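First the structure, then my questions, so here it is.
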Amino acid sequence: MKLDSKQQQAIDNLRSKASETRRVSVSAVEEILYKPYPLLDHGFIRVVDYMGDDSAIVQAARVSYGKGTRQVSEDRGLIRYLMRHHHTTPFEMCEIKYHIKLPIFVARQWIRHRTANVNEYSARYSILDKEFYIPDPEHLAAQSFDNRQGRGTVLSGSEAQKVLNILTTDASNVYDHYEEMLNEGQDGKIIDQSNSGLARELARMNLTLNYYTQWYWKTDLHNLFNFLSLRADSHAQYEIRVYADAMFDTVKRWVPTAAEAFSDYRIGGMNLSAAGLEIVRKMLKGIEVDQSSSGLSAREWSELMEGLDQDKSD
Amino acid sequence: MKLDSKQQQAIDNLRSKASETRRVSVSAVEEILYKPYPLLDHGFIRVVDYMGDDSAIVQAARVSYGKGTRQVSEDRGLIRYLMRHHHTTPFEMCEIKYHIKLPIFVARQWIRHRTANVNEYSARYSILDKEFYIPDPEHLAAQSFDNRQGRGTVLSGSEAQKVLNILTTDASNVYDHYEEMLNEGQDGKIIDQSNSGLARELARMNLTLNYYTQWYWKTDLHNLFNFLSLRADSHAQYEIRVYADAMFDTVKRWVPTAAEAFSDYRIGGMNLSAAGLEIVRKMLKGIEVDQSSSGLSAREWSELMEGLDQDKSD
Amino acid sequence: MKLDSKQQQAIDNLRSKASETRRVSVSAVEEILYKPYPLLDHGFIRVVDYMGDDSAIVQAARVSYGKGTRQVSEDRGLIRYLMRHHHTTPFEMCEIKYHIKLPIFVARQWIRHRTANVNEYSARYSILDKEFYIPDPEHLAAQSFDNRQGRGTVLSGSEAQKVLNILTTDASNVYDHYEEMLNEGQDGKIIDQSNSGLARELARMNLTLNYYTQWYWKTDLHNLFNFLSLRADSHAQYEIRVYADAMFDTVKRWVPTAAEAFSDYRIGGMNLSAAGLEIVRKMLKGIEVDQSSSGLSAREWSELMEGLDQDKSD
Amino acid sequence: MKLDSKQQQAIDNLRSKASETRRVSVSAVEEILYKPYPLLDHGFIRVVDYMGDDSAIVQAARVSYGKGTRQVSEDRGLIRYLMRHHHTTPFEMCEIKYHIKLPIFVARQWIRHRTANVNEYSARYSILDKEFYIPDPEHLAAQSFDNRQGRGTVLSGSEAQKVLNILTTDASNVYDHYEEMLNEGQDGKIIDQSNSGLARELARMNLTLNYYTQWYWKTDLHNLFNFLSLRADSHAQYEIRVYADAMFDTVKRWVPTAAEAFSDYRIGGMNLSAAGLEIVRKMLKGIEVDQSSSGLSAREWSELMEGLDQDKSD
């Protein structure tokens, strides 16, 4: 992503102003406020506002005046307890707002998270820029065989080159036609005085799904954690995962204790079903178990054994 | 939209079965259950399930056992009262589920209504069909001058023809390349044995926004009315309005009294601000009013006079 | 709960009518439709409408026409996969509506689940009946010592008797005063012609929190499962748990496969954190672990060992 | 409401600290931050955090970098346009958090607004204070005759006195019994060593609905405006209206332009139905109209004429 000089100046301008506030402030977020994190080839996220910090979670859990005299170690213990036991409402007391630029096909996955507030750039009103996503060659992978929605091996150089050519040529081509239908160039000049130009709300349908859009996206910390647990996960599509990863970095700056608890309890762990728990208990007691007598399907059994790092092809 | 014979058979099969139920049923909806309403060139909506009827609204408003002995006229009066005074929760007691096929750029507007339940066809798992929306020539219009997001005059024949050529050629072209990147034809056959094919989640980004997707969409009547008031409105884009209009037809079958109240109080009416109301009161008393002394901006004044059918360019 | 003859007749009347529908019907729910499940001393739940069944979950997951030729065993596998992997949207395609009578202090917990539709009996419009909850002596327990929000040992007979006397006398007393302030008896007759009576919206404030209220409550299956996982849990207050348990019975009738998957994967299981999983893996490999080197707090360690059925007081 | 010295000190402590922030700040809110607005006899609201200001609404509507060079007058025009045309999403970009102390019967109305984040004081964990709401005599009114849910004339002195006696005596009485059942005084001392005390989650049911509870309540500006339009309205119960009025004062400090637009377009105005609009148009043209030919019911007709300030009993 390249910011033009006007954009960079607007950001510098916002960052140069400071005011006094009685609200809780978080200096590690203030450091990056308004600054874009570049992502993919033209995308970014940037934090544009935030409300609350770790102490707001504790305060809501205690519903008490001020923070009293409790020590940090106790606050940490409380936040970890809340996360571990899925007491989610105190995390809703923190709010964050991002400005995000992302390809439309990523936006389509993202918007399925319904609990956020969104204001998106409208291609009914305005003309989209000629900016589209082209993956790096190392991210061009074949369909996965064992995971119906994922990626497998990286494409060979020649196949990758063919794909890149197609993506680039088609995206460029549809944009030229977008301008031609609008009868208006990127400079705002009318192309052919004898034509009236197609309405923007119609012309946009000729663009491909890798074109970039942008929006303001605001959510509370609980729902942001839900987003991250799905989208920073290894099963998420790479192109949304890079956004989730960058957001998680901003969350670590903003609410370090809650972010740590989230990492420890919601990332990299495992849900045991009642049957799965029974099997683990037996194994710990040295009782022999196998799939056929476990009550689990072959698929569940292999998921469980893999999770437990056990070599039981059984 | 053309149903293939397998789809038609599945619908006929569902429609041929009937079971007994103690739930309220609405025969006018049963008549159309599962049947697609064709929309645009390849789209449709069809009602696939519903819960409640006009009496469920009344029941919730009364929170009482059964319907008692009250007469239809009283129920109608109550429903109209609820609608007029924005008592919305009783309308939430009715629920409807649609199966909808629609262009992606329409889906992108639609999904902004966050209160519904949605399950969409996934182009990460599956390959999209070669079906894209091409407008009829009479719907190809220029950008409106007085409405920043609408359409103005219809394009001339030659400009329209050029637009149709572009849209058709580009959509067809990007699909051919979609298949080529997937290395898989619509018949499921591998195109080139020496290639491994690009993952579906990536290849889809080459498709244009007029490609069709489909989803199940379920909502309650209150939120459906909100959707209709925005999307069946003359300011909505034509391509989503046709869906809203068709859905409103199904709503008239389902809850005729609520639909009538919605038409009467939420469609074609006008919101008067406090200042606007004061002006109307003065005018009714024969007091002269003009924009400069009204406290309204020029824009508000002209909106008001237009709404009141008054010729006061002032 | 005693239904008066008019209420019983209304229910019988509703149950005696049947109509034909093309919607999916579930005979095990039809059997109990409108019938109250008595709960506590005056409460109940009853199913008054439903939409969808197990097949609606499968249909949404497949987003395909009809059910095709797939067998029940495959559908069951798919539903279990969805539950295990927290793919929640297909469960949102089923909807159920209950009529519920419950003490106000239970209603106050219940309403915190924000995703449902609710229409409650209004004590601003109407006069509440003289019905209040008095626990059975075996449910009168002391504050728990090791669980800050739970109950411990059952009260002794004499202390229990004192509590029952207080609860009954006070509830009866405040109701007599409620009527006196309203200046209106339960028969609707004015008590003292020289008084005007206090507005209902004010008089109600004199009632205690064990008075019964009632509402229609409608939700989708995904959110109902969330409700059940919190409220049918052993940590939930007994007085709301009996409602959750009864509702779970109706869910087993309605969507038996989804209910089974919910039982297997969401009830009686255990969430392992990344650190907890690492400890389990070590234990399975015969590596010695203890709290001090585990990275877990004493509290987390004991929660983990208890869950694994291990006697490691460490 | 009386703050004890510890609470006052905690507030003074929070107010004495200031930090630098790059976020937008609103000095008129900073002035009142953390300070309680006393309401009713023991209640209050206080703003404890906020995000955004009028410019955040404009920014979201423009989805552009920075604020550019546009002038205040244009921003005001844009905000008024958004409000007038119900473009609600930009208002969601502002967020505010309150700490609120309120009677339980008010909390029960309040919580029906489902879109906010809430953390309430839990009477399962903690013991409620002996604080209950007793209305001022001038707010003790009879049931309204023409408004089924409102209040009519104020009670006479003697009837009011009787009501006050009842409310005070009963609330005091149930609290004494609450302590007796808990077997614990307000000082935390055990009352009777031979008793074990009833669990808090049960004992609380003996309290009346005028007891005070408290919560943190966080919402966005759009949903706050919805709350205010219902609860600052003359049809709202007085006891919730005082809270809405106080919150509206804080909103005027926070987002003065949006608050003004809300006042002008959402308060004191009138919705005309299509039929009502037709009647107004006729009246403005001097055409005679009456109820019988208007298509309106008698009730709608009188609502319309009253709104238009017309004396047409017809």
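So that you can tell them apart, the chains are marked A, B, C and D in the order they are listed, and the count of residues begins at 1 in each.
Operating definition for what follows: a residue touches a chain if its C-beta (ideal position, glycine included) is under 8 Å from a C-beta of that chain, and two chains touch if they have at least 3 such contacts.
All values derive from a computational prediction rather than experimental measurement.
Engineer: Between chain pairs B-D and A-D, which one is joined by a greater number of C-beta pairs in contact?
Structural biologist: Ranking B-D and A-D by C-beta contacts puts A-D first.
Engineer: Could you state the distance in Å from the CA-based centre of subunit A to that of subunit D?
Structural biologist: 35
Engineer: Between subunit B and subunit D, what distance separates the C-alpha centroids? Give it in angstrom.
Structural biologist: Those two chain centres are 34 Å apart.
Engineer: When you check subunit C against every other chain, which residues touch at least two of them?
Structural biologist: 118, 122
Engineer: Quick check of your reading of the touch definition: is the inter-chain graph here a line, ring, star, complete or other?
Structural biologist: complete
Engineer: Would you pull the subunit C residues touching subunit B in the complex into a rising list?
Structural biologist: Against subunit B, the touching part of subunit C is residues 6-7, 10-11, 13-15, 17-25, 30, 33-34, 49-52, 56, 59-61, 63, 65-66, 68, 89-90, 92-93, 95, 97, 117-122, 214-216, 218, 220.
Engineer: Considering only the defined contacts, which subunit D positions touch subunit C in the complex?
Structural biologist: Counting only subunit D, the residues touching subunit C are 103-105, 107-108, 111-112, 114-115, 118, 122, 124-125, 133, 135, 139-144, 148-153, 155-156, 159, 162-163, 166-167, 170-171, 173-174, 177, 180-181, 195-202, 204-210, 237.
Engineer: Please give the residue numbers of subunit C that touch subunit A in the complex, ascending.
Structural biologist: Listed in rising order, the residues of subunit C that touch subunit A are 77, 80-81, 84, 263-265, 267-277, 280-281, 283-284, 297, 299-300, 303, 307-310.
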